[in-house]
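Next come two complexes, and both contain subunit A; in the first it sits with subunit B, in the second with subunit C.
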Partner chain A sequence: MKTNLTKILALLLITGLVFQSCKPKNAGNASSSGSAEKAYVAPGKYDEFYNLVSGGFSGQMSVYGLPSGRLFRVIPVFSVDPEKGYGYSEETKPMLNTSHGFVPWDDLHHTELSQTNGEVDGRWIFGNANNTPRVARIDLASFKTAEIIELPNSAGNHSSPFITENTEYVVAGTRFSVPPDNANGDIPIDTYKENFKGYISFISVKKESGEMDLAFQIECPGVNFDLSHAGKGKSNGWFFFSCYNTEQANTLLEVNASQRDKDFIMAVNWKKAEEYIKAGKAKRIPAKYAHNKYNEKTHTATSEMKKEVLVLDAKALKDICYFIPCPKSPHGCDVDPTGEYIVGSGKLAALIPVFSFDKMLKAIEGKQFDGSFEGIPVIKYEAALYGEVKKPGLGPLHTEFDGKGNAYTTFFVSSEVVKWNIKDLKVLDRAPTYYSVGHLCIPGGDSKKPNAKYLIAYNKITKDRYLPTGPELTQSAQLYDISGDKMEMILDFPTIGEPHYAQAISADLVRDRSIKFYKINENENKYVTKGEGQAKVVREGNVVHVYMTSIRSHFAPDNIEGIKMGDVVYFHVTNLEQDWDVPHGFAIKGATNAELLIMPGETQTMKWEPDKVGIFPMYCTDFCSALHQEMSGYIRVSPKGSSVPLSYSLGKTKPIAKN
Partner chain B sequence: MIKITFGQIGLKSAQYVDFQEFIAPIIYTYRRESLLYDCTHKVQNIWAITLSQQKNHTMKTVTMMLALSLWLTSCGSNDGSNASADSSAQAASSESAGGNPDYDPKRGTGKFTDVVISPTLDKALAEKGKATSDVKCGSCHKLTDEKLVGPGWKGVTSRHTPAWILNFMTNTDEMINKDPVAQAQLEICLVRMPNQNLSDDEAKSLYEYMRQNDGVK
Partner chain C sequence: MKILSITILAAMFMLTAACSSSEADTSAQTTETTATSGGQENVKDDDSQQDVVKVAVGSKDHSTLVAALKQAELVTSLSNAGPFTVFAPTNAAFDQVDKATLTALMTDEKKADLQNILQYHVTVSALKADYLQDGQVLGMVNGDNVTVSIKNGKIMLNNSATIIASVPASNGIIHVIDGVLLPPSK
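Take a look at the complex of A and B:
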């Protein structure tokens, strides 16, 4: 018995160790023991913010909760997503159409929330495609991609999708200058200086519907446009773009585009551009670009190929664009909440220049120019400069603001976030990142009204922060509490793809607008089946349309015979459920595309071309009820020319299909 | 995962035993009693532990119980606020109205109380009900007394009061969670009736359609 007592005591001691382990630990090198509590959101509780993060080379956008860092959803935008049938269902295929045809992948770098009066409003979020230049609008009621517009005369849409303060325009600037689309492109690459142009695009956004249209483009000199931000408040009406490779190199840019001491920030007077368009100064230039829209009533996307675009010539019109010299290949181009200060971050510089909007206007008025570049006036550096942040760190990239007079800049080379005061340009605090931070995000941090409780750093390198998973490691973000004077790291969390820019917004502005299901009575899909009584199979030559319904837990019909080799079968599946969180899936053995995932009240279509004679099972892939495993059926495929009549059934009934 | 070797607790046996074998039934019992409800998210911490085997099985259980009770004490207090998640699944496992004297099983629970029904049929209303039924109900309910996914509708208006039926149609989740008759039906069908988000008018028209089906003229 004595030994037993010893054992009990020993166990109790060990149990004590277990309690210790209940407490969070190792939350980060720089964190205190209270950090984990700050990032802890209890089971069943909601997060305070949505964090909408670019998915980089995944082409998608991801949705996290803050402060927990929990991943809620990956929204398919520019890449196909077999899980959701995006880009595979007949209804969603047109979303990925371009002037090059169907493009299944892209590289989404930046996200930008719609704004009203310079404040984030939670209606839409935009994303850019960096490879095949496009801009997407995601509806934050459905968290689905609502629209994608392609950009002609562009290559590598990087300085996008930044917006004006009432979401009048979303902009896009070409990263790679190229010969315009309607010019002869079959020319030597080393004629860059003569033949390559840099186009920036202004996409208008309709106030109520959000529908986008390519309003106009401005032809600028051939350089690399990198990032941009709109003026706000007093500087509303202007847009600022950073650009590098003003050397106009076409090879070994790593060296050849880093020759000049200063490149430029280009200030664009878009109100002036509007005036010129009204005055008829823009040219209609032939172009070819796709405009794809998803209709929430028909649950179907359409793709329209547009044929021309309005173009303004910056050189000829003289006073739309101005260059401001900015040291060493500027990357981030960020405007403070008052609209007065423009922060340029030369990624090879060891200082941060801060430009003054007022001084810039005066310099333009007083013609304080330092000559011109390719016909565009270059404002004298000192004439536009408010001041420089000296020795802030190495490799400044991006800046966000807290609305309390402070700026937060990321430093890639020295792996840190640095807080500094905009007025006196003094460094106030620095916090390490793990490792090599790129973008950062403060909720509303690029708007007129930041909600500066947290700062999220999106890192390029993770190295030793997570358990290894072979050569490729997780991408990651780090959360800092910035409510006090000092930044405090409170959480690491993994992200999908490579996170570039991100936006965050108070959940209150988004949560209650979420669609829970689509009303079946409002479903206008051409192939909707409103009730099992309408379920049917119709043959039109070798095309077979299956009008199918799904509800917990069966398909109607679930037995189909008389399909023949050579047939093209369309399964139009309508989910009859009218409750939240009850999608049904649909999959067929051997299908060469993907599954369907059908939201309540929605219709989605799978195209299927049977590849052999036999019996093919189909089933629901999304666990829907206790009898989900029963939610299945069979399709019989007969040889070409077989006399098996087309028939379909559910349960006992077995009517013969109308031919 | 925390691994405790036999040496640490002075035992000779080197065999490892999955903790779950012993702790799972205990925790399950506690869960059933809702005593552990606040702490369930931490159960996995315990779950992952392996302990070196002890010789006496009863002894093991006793030890685990002791360990667990201590653990409960230490974890219970700061997690009290977690239990408010209101998913239907969780609500389902809480109280049933069966033993509640205030619950009116004839009426059910929902917005409908005293529903006055005309002795004659409103044909136009019944027609509307049929249209709604074709889209939202007919997949699972037959008009005969045959059970498909849910029970057949024949005779339903004599089995339940109008208020009960209307409440069940419009307040489905709460009814399934609380109403003893609805719960008994769930045990037969095993598929929770989907909330089809019927408006009050849709529900009333469906009721009229059920009456027509039951022979009201």
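Take a look at the complex of A and C:
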């Protein structure tokens, strides 16, 4: 009887399951063949868009194709990457230098493409380091990190790296207010209100080279600056930052930073700030922060420690910063393509306020203030408010725009993307996400000119969405076709790290600028070897420099003797190839760092301190040719004081080079 | 057991066959992975600590609340990562509400009102009873506030409902209350 019952139940269950899977899928489902075709890019065909996705706690940035969701590259930015030798080679180590020394890891939350006239231009993409505050610039010709600048007086650089409409500035705001660097920080934590400050940074970007410089900082009250976006068009010249913890709590923020009904959006008049700087109102304050640059000619990074920063005092100058009340711990702070509407997403709010730039200006002119907060004027909520989206969903986080008058907001708690009309504030469509969406991205969706064919939702939780992989599961991206009135999910793909914000750009704006190799005759690395005939090994005391080349399918030299215990050996490997997609790798048995991955025409250096006497093989790690397996060699290590002469060879033994 | 497996396989085969013949253009590559509706409440997981919804479902004193949460389509949200504090009125508490009103609230026409009331029982933050203070104002999910008062060790909400038990859940905490909280009328 029991067996029969079990049998019946099992049958019923299966019947149910199968029938359920037979059901036609709703709009939020990617499994109908029509939807699948929309995301299908045939083998050998190119995607329509690049999707440049923050890697979250991986510290890196990833590059996907859309609509296929294929992963092309992980760009090392703030974390070491042994796969690419980033942070391990002598040339790249300075990229991760900070005022705290070499920092091998960070947490990259947001990506922002450079813009010209408010439109994405495909030159660079910026990324923020959330932990040890920094901003990076990645060159989209090489897809390498070109520059990293550290931010003093900051902690938890979250509201970053958002840019002005001609990439004049990249901004950064401190999420964890702290005492300024040159103030005494050895103070009780519960003196937050008196001693902690929130600094926002404006990093200038040179028009042609992209080189960054910390132009100025604005000292603001101690709160948590969360996200930001620049004004555009009519509101160009202003920047908007969301702030939470206006309670100024320093413990159990989960409870204590959720007390007030409204926190703020801070509007910053950066053109006014520029005027004050010209008028000499900024102070030069001692500071210490690293500025690291990667030189494409020397293939080498340098790190410079900067000594001071220009600081403006928001309270003293009265009219560069204004607070706009915004309900319940605003997170996303997004400006529509016209620059008129500023959307604040209070993650604990039951509505989405939309502020009007014109009304805000009028309110400032008419001094429609509701007192001040820590000396900063607070604009009356209604005076700046255009309107509210009522009951849009639960837990609003971020908004992007389609350029057709619609906004798309993510809701973490109700796990959905909601499309709404900016003018009448009416909800038009809802699409579920699987599960717990954070950021979203529309190509150009935070610029003046969105290219709104797709929307990508980045989910924090995937639970049962993929085959399980133990306690840690992948995060995911979900692609929606938004070309019609209704959002239609067409693809669901796993991501690296934890994706936060992302940008997408038409491949046409990037593809043709991509470089194929570095010209060997333009290589200015101090230790370059421009031909096999110049390969050599040079001893300077206990330091040995190996000037090595790699070309299909050998290293020159590939036999080295006379290395002794106590030596510090530098392998400067130049890849002589002048061909697309032929990097060579380099690794030595027992080396305590990582491989080198050397692009054609590039020189990279591995530092090696042999730990014992014997023969150490070295080999090429990147399958380069039919005789890749032959691309190897040996290094002989002798005891300290040994009489084995230094020698090196390829195919035959050569005499020792003279210094 | 073996016979059972074969029976199941046969049943599956038949149903799958029926399925593909009725949807001839659904190619083999379209694997079914998605639940048709809902979210994390559909995740099959009997091992992890239970979330606030599962705890409520497992309580025989909360069948009215659970039915209301389902009707108000709040199950997906409350199965999310949270953290949530749910003030969970017992069945007895719901019994104090006028029966006609309660019945009306369970209709589709009144869904927005039901959502408003239920969202007034949830705040995003896991507030242990220790964190609640006399006079504390809590911002609830519906946008209105609930005021906490503490008298003789009893924690009351809006002076109308008392916390009678607290149950931790994976994504927050449930405080069982003896009254239904009504949002301020507007």
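By our rule, the second predicted complex is superposed on the first by the 624 of 659 C-alpha atoms of A that agree within 3 Å, B and C clash if a C-alpha of one lies under 4 Å from a C-alpha of the other, contacts with A are read in each partner's own complex, and residues count from 1 in each chain.
The rule we apply is simple: a contact is a pair of C-beta atoms (placed from the backbone, for glycine too) under 8 Å apart; a residue touches a chain by one contact, two chains touch by 3 or more.
Keep in mind that this is a model prediction, so the values were computed, not measured.
When both complexes are overlaid on chain A, the residue A:S476 reaches neither subunit B nor subunit C. Once the two complexes are overlaid on the shared chain, A:T300 sits clear of subunit B and of subunit C alike. For subunit A, the partner with contacts to more residues, out of subunit B and subunit C, is C.
Once the two complexes are overlaid on the shared chain, A:N195 sits clear of subunit B and of subunit C alike. In the superposition on chain A, A:K530 makes contact with subunit B only, not with subunit C.
By the touch criterion defined above, A:N224 reaches neither subunit B nor subunit C.
In the superposition on chain A, A:L627 contacts subunit B only, with no contact to subunit C.
In the superposition on chain A, contact of A:T603 is made with neither subunit B nor subunit C. Touching of subunit A by both subunit B and subunit C, each in its own complex, is seen for residues 3, 6-7, 10-11, 14-15, 18-19, 21-22. Against subunit A, the residues of subunit C that register as touching in their complex are 4, 7-8, 11-12, 15-16, 18-19, 22-23, 25-27, 29-34, 36-37, 39-40, 42-45, 76-77, 80-81, 83, 112, 115, 119, 124-127, 131, 137, 139, 141-143, 145. Residues 3-4, 6-8, 10-12, 14-15, 17-19, 21-22, 42-45, 517, 520-521, 530-534, 549, 551-554, 556, 576-579, 582, 625-627, 651 of subunit A touch subunit B in their complex. Remark: subunit A residues 3, 6-7, 10-11, 14-15, 18-26, 28-33, 36, 252, 254-255, 258-259, 261, 327-328, 347-351, 391, 394-395, 412-415, 432, 434-436, 460-461, 463-465, 492 touch subunit C in the complex. Subunit B meets subunit A in the complex at residues 2, 4, 8-11, 41-42, 45-46, 49, 54, 56, 59, 62-63, 66-67, 70-71, 74-75, 79, 81-85, 87, 134-136, 138-140, 148-149, 190-192, 194-198.
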